[in-house]
Amino acid sequence: MTATRPADLAGAARGFAAAELTDHRYFDGLPEPPMPQQARLADAGLANWWMPVEYGGPGVSLREGVDIVSELSYGDAGFAFTSYLSILATTMVHLYGEDEVRKPLLTDFAGSGGVCATLASEDAAGSELGRTETTSTRRGGAVIITGDKYFSTNTDLAEFLVVVTRSAESDQDFRAVVVPRDAPGIKVVRRWDVLGMRGSATYEVRLRNVRVPASHVLRGNGIRVLEAGLNASRVLIATTSIGLSRRVRDEAMSYAATKTIKGERLTANNVFAAKLGEIEMQIDLMLNQCRAAAAEFDAIMARPDAADEFLRVGSTRSALAAKMACGQLGWAVASTGSQLFGGLGYTNDHIIGKLTRDLRWTALVEGGEDVMRDLLYSRYVLPGDRRR
Amino acid sequence: MTATRPADLAGAARGFAAAELTDHRYFDGLPEPPMPQQARLADAGLANWWMPVEYGGPGVSLREGVDIVSELSYGDAGFAFTSYLSILATTMVHLYGEDEVRKPLLTDFAGSGGVCATLASEDAAGSELGRTETTSTRRGGAVIITGDKYFSTNTDLAEFLVVVTRSAESDQDFRAVVVPRDAPGIKVVRRWDVLGMRGSATYEVRLRNVRVPASHVLRGNGIRVLEAGLNASRVLIATTSIGLSRRVRDEAMSYAATKTIKGERLTANNVFAAKLGEIEMQIDLMLNQCRAAAAEFDAIMARPDAADEFLRVGSTRSALAAKMACGQLGWAVASTGSQLFGGLGYTNDHIIGKLTRDLRWTALVEGGEDVMRDLLYSRYVLPGDRRR
Amino acid sequence: MTATRPADLAGAARGFAAAELTDHRYFDGLPEPPMPQQARLADAGLANWWMPVEYGGPGVSLREGVDIVSELSYGDAGFAFTSYLSILATTMVHLYGEDEVRKPLLTDFAGSGGVCATLASEDAAGSELGRTETTSTRRGGAVIITGDKYFSTNTDLAEFLVVVTRSAESDQDFRAVVVPRDAPGIKVVRRWDVLGMRGSATYEVRLRNVRVPASHVLRGNGIRVLEAGLNASRVLIATTSIGLSRRVRDEAMSYAATKTIKGERLTANNVFAAKLGEIEMQIDLMLNQCRAAAAEFDAIMARPDAADEFLRVGSTRSALAAKMACGQLGWAVASTGSQLFGGLGYTNDHIIGKLTRDLRWTALVEGGEDVMRDLLYSRYVLPGDRRR
Amino acid sequence: MTATRPADLAGAARGFAAAELTDHRYFDGLPEPPMPQQARLADAGLANWWMPVEYGGPGVSLREGVDIVSELSYGDAGFAFTSYLSILATTMVHLYGEDEVRKPLLTDFAGSGGVCATLASEDAAGSELGRTETTSTRRGGAVIITGDKYFSTNTDLAEFLVVVTRSAESDQDFRAVVVPRDAPGIKVVRRWDVLGMRGSATYEVRLRNVRVPASHVLRGNGIRVLEAGLNASRVLIATTSIGLSRRVRDEAMSYAATKTIKGERLTANNVFAAKLGEIEMQIDLMLNQCRAAAAEFDAIMARPDAADEFLRVGSTRSALAAKMACGQLGWAVASTGSQLFGGLGYTNDHIIGKLTRDLRWTALVEGGEDVMRDLLYSRYVLPGDRRR
């Protein structure tokens, strides 16, 4: 990666969004990947910012990443998602990959500015990872993967994939496996036509007898391995709602500056002010939750036993709470925000419709609200010794 | 109107929706009016069901209309809106039109199965009707209308229009004026590209020196005249959320019948059950509110002094509450409902995205929530003697 | 009953509340029953208004009763509860009692102006009536009842009791049994010290070998019999929130009339107006739901096969929805209302604290929200043919 | 202060609460100050933990204080409030007091383990500090204070007071003035009988010609000076809701461990789990917001120009958001929590009623929700350059 890392990353991201992410109709049009802005993001030193220094990456913390993602999401949330989702797969490989696989793979990746993908969700299993039906079978020095994955983002142009599978040998054993994108037997069935976040590309994927060396299997139970990575991606998904909510707020203020009501500027109206004051509180709440969750992730990552610790901990409380809270708070902002622009707000002349559709997403992706509640309860409330 | 009125109107509407309103992609595609289903609705005896018997109409009560509109909205809410919005203009003309205008106009209309339109909202004025800038000027035996109307549904193919104007002679005087659709000076500027309810067609309209005979001016203050009509249309707009919410419920049950979670059918899951139980309560609440509001409207309409009574009352409490409550409750159903279908619910493979967009509308149209709150407060809370 | 029934029952109830229910500290002090106002209510012709004409009662409909209860609850909700809860037991006896028991019992009761009580809830069973542990054992021409009932209102001074029991002979069979208050073996263990509704008296009761003739067993499955009666009492419990919410609204307006904010009367403040407009909508919504639920109850009661119909239907959808909706909406009013009076609202100098405690109750009594959701789902959503 | 500061302050506070704050009926009974537990808190090294080292205090940061206050509030929130509210007055004196006043006063105070009080709110002015009617008049080298203060906590036994006044010389000038508790002319009119937080003592106070040396006037505009201190106390008030919510959670788990529903332990019920999962998220959200707001306060306090910076900044965004968010989230916990204990939860046999009353308080004290919204809007949304 030849790009220089900017000193003020959040500022650079803000500048990038203002320069490159302004054409919301383009991003809302299911643009074909790779989008040209992806290369420019890499040129700006803002691609794959989390990649550890040992692979030649910038080694930016998740805590700083929250500010970057908030700024990019302010511009276009779907594009932002495209730019950060690789953290899920790279975190898994970094923590649990065999050296011979991990080092070359991540070094290549850090230099590429590209994307990688995780294949976990399935149609029947939904968010119940324990019901994964994609199997991996050991055969000599290889594993062979067969199954159907329902929603997987960035897959088509990924540098590599991580596939979550059930062990054919033992029903309760799961394996996360690194798979080259060009391995025979992988078929991208279709790209989903999604409601929002249309600047990202999500696919249905079929795997049939996909063979990789056994060294490509990540250490540890595949579902716990996945949870380790989700701690990072869920925080950034939560953060997406921050950028979107800040955008709603600013769009509302721009609109209000042009309007009068009851003989005064709309910005001087008490009821309008109360709504924006509420939104500002909600933004601050999301921001501090995401920052705290990122800091908890960073603190574990900084431990020498980070990989083992994540296998013990699984999903962190703060990341679960962040995704759930931002799903709700962002939707509250959308629910208020979509009523701030009068009839115009119900037309595609205004961006609020797109922002509302984008804001629906945080609660749904990588485990819905019910899944977050279940995990928080079973992991942090039910066991008395994990309560605070 | 040659169509026979069905005995079971709600049942007929349900049958019509099941037969004719099933292609949601068609209705979601901003279809060009007139949609062929409109003629078939007339053939089925379900068009303009409220038209009084004195004009040859079926004279169906608003109370019964609630059930019709709920069924049509279950099929397609935008189409339903197209089919019932004319009640706003015809109610105004019926109550306040000069006999020489009213009788032939409404008799023609009742026989036509067509639509008529109301032009009230403006860009700058928003929902503050008192700031209407479209003017009407008396000139001899005529009035001349000039102005720009922002959102007006069904205008392009309307049989006639009712235009809300400010009197050029007196700033505080407003006139609602009947205008033939083909009067010179009317220009449909554009059709709006709306977020939902895309089976209806809403326009921006320009009026320049549109001249009609003075007899076309409706009796009474134009804003109060408009409020009289809004009592009917707001109840039906509120009802739209009932049909949509019933649809969400049934789609959820169909989906759940195919899914398992934690080893049992999703329909047997307690958390799912709790959400559907909540939705059922919300539907019942909306239904009883709309029925009560419709009954209040019918009761006033049955009075010999209905026209005067509406000028006194203005907006009824129950109609204001119905629109506001159904805006909120329908959105609550959408907020829960849009999370019931897993990731699939975030794709356009499923109808829930469309239903959510449609459900956003009730709160926004014909006066947003803030307007409803203001009216309820100023008309029914502040004056102690109108409290209950 | 010698009292004349007033022509305007709601008006009479309003007058009674204004004259007799003004000392909120008295009612909030767990007054010892009978409260002197109970006799005065009977004198005013407002006691046990629902008692059928065949027993010499006034035969007022539940629909009219909603208006009476709203007015009494406006005065004091605990007192109102005391005055109407007997409808639960009398409805069961009226529908399912053997003639030889029913006729003298209800004729006496209608003339007495007193109260009767239902003993259903138990400590372990909570709201799961199927887990009732109080048993009834047939012994010759008698049944013998033993068990512990947790919450039962009006029991101590009741004219008679209806006790819900499990049949000792068959685990799945339940019996509702009429029991004279003075039957040996009944012990009132204690009166509960409750958070609100302290103008009513609720007891824990122990029954040990309480023997009554077999004719005292009501016809039909005891749980369904109970559900029949709950249709009436739940609607009135829901209505309690209407009276309380109207009181919150009026207290807020009285307070606001004395306050200024930002240089204007608080009543002229837009944010305050918005809150009161919202409350007014919520009141209208509750009112129309309760009226509709009452009308549904009245319609079934008017059928010649009312008793059988209620055994088939069990809990009506509208009554379940009414209790649940008014539990939520009343609490929303309390949540807003308790913030409308500044710091004063957090002191016992103001009545709002009491109103808030009273408003907590509707959601909790006679089946919590979870129970309502379960019933709505299992009875009206899951069976496709009962959906609307 | 001879007490040794414990190394693990939060742990010590937890232990103190478990040992000393268990008799909730005592604290709920408006106990006469000083409560004996106050002296024991000082003995435990947990009184006035924020007092700077320069006065001989422990100099614990607000960030650490959040954890202390959460633990004490878990035991009894009213007692906790009593223990931390002095931070409001001491912060003002520390930042803005003349050396000759500040140093001896705060040194004495740090050693005393006692309390001090702030007198700001008034009856007519409510939360609009700019309408303060208590005046301070310069007379030679003294100022003379006259006015009536409505709500002031800890006043009666305070070591000293800070009184917010309007300058008699200039209508737009405000002065915060240090006043000895025993200055002639101060009369505690009454202690308020409050709904909750009854382990704290709040008074109405009359000041008549209270004379203090001019050196007792704090530097800077009195309202800004007050806002500086409120940044600390509002964060701790917000934190109170964390302790209370944790207590609700734990009480619910204890209750659920003894209950069965639908044939399984209540703790295994999915709907119960979902509610507790939601509460856990809400607790985490409150905690991270309060910690972030405390850290922001600490960061400003660590600046050499802290006093000036606070005059510029006034209320910090994060403190405003913390108080508002915890007011709402704590109330959400109360609203769910008060329904988790069946009928028992509506009796005074259970603590949940007290916890609910306590949780109502955060939103009301030191500026209601409307005030928070107004400040967030006018300070952080309206000025474009303060947006984030």
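Note that the chains take the letters A, B, C and D in the order they are written out, and that residue 1 is the start of every chain.
The working rule: a contact is a pair of C-beta atoms (placed from the backbone, for glycine too) under 8 Å apart; a residue touches a chain by one contact, two chains touch by 3 or more.
Quick caveat: nothing in here was measured; it's all calculated off a predicted structure.
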item: Chains touching both chain B and chain D; value: A, C
item: Common touching chains of chain D and chain C; value: A, B
item: Chain located farthest away, centre of chain B as origin (C-alpha); value: D
item: Chain copies touching (chain A, chain B) - same or different residues, decided at half shared; value: same
item: Centroid distance [mean C-alpha coordinates] between chain C and chain A, Å; value: 51
item: CA centroid of chain B to CA centroid of chain C, Å; value: 38
item: Overlap residues in chain D, where contacts from two or more other chains coincide; value: 262, 270-271, 274, 370
item: Contact footprint of chain A on chain B as seen in their complex; value: 121, 124, 126-128, 150-151, 192-196, 259-262, 271, 331, 335, 338-339, 342-343, 345-349, 353, 356-357, 360-361, 363-365, 368-370
item: Residues of chain A that touch chain D when the two form their complex; value: 246, 249-250, 253, 267, 270, 273-274, 276-281, 283-285, 287-289, 291-293, 317-318, 320-321, 324-325, 370, 372-378, 380-382, 384, 387-388
item: Residues on chain B engaged by chain D in the complex (per definition of touch); value: 262, 269-271, 274
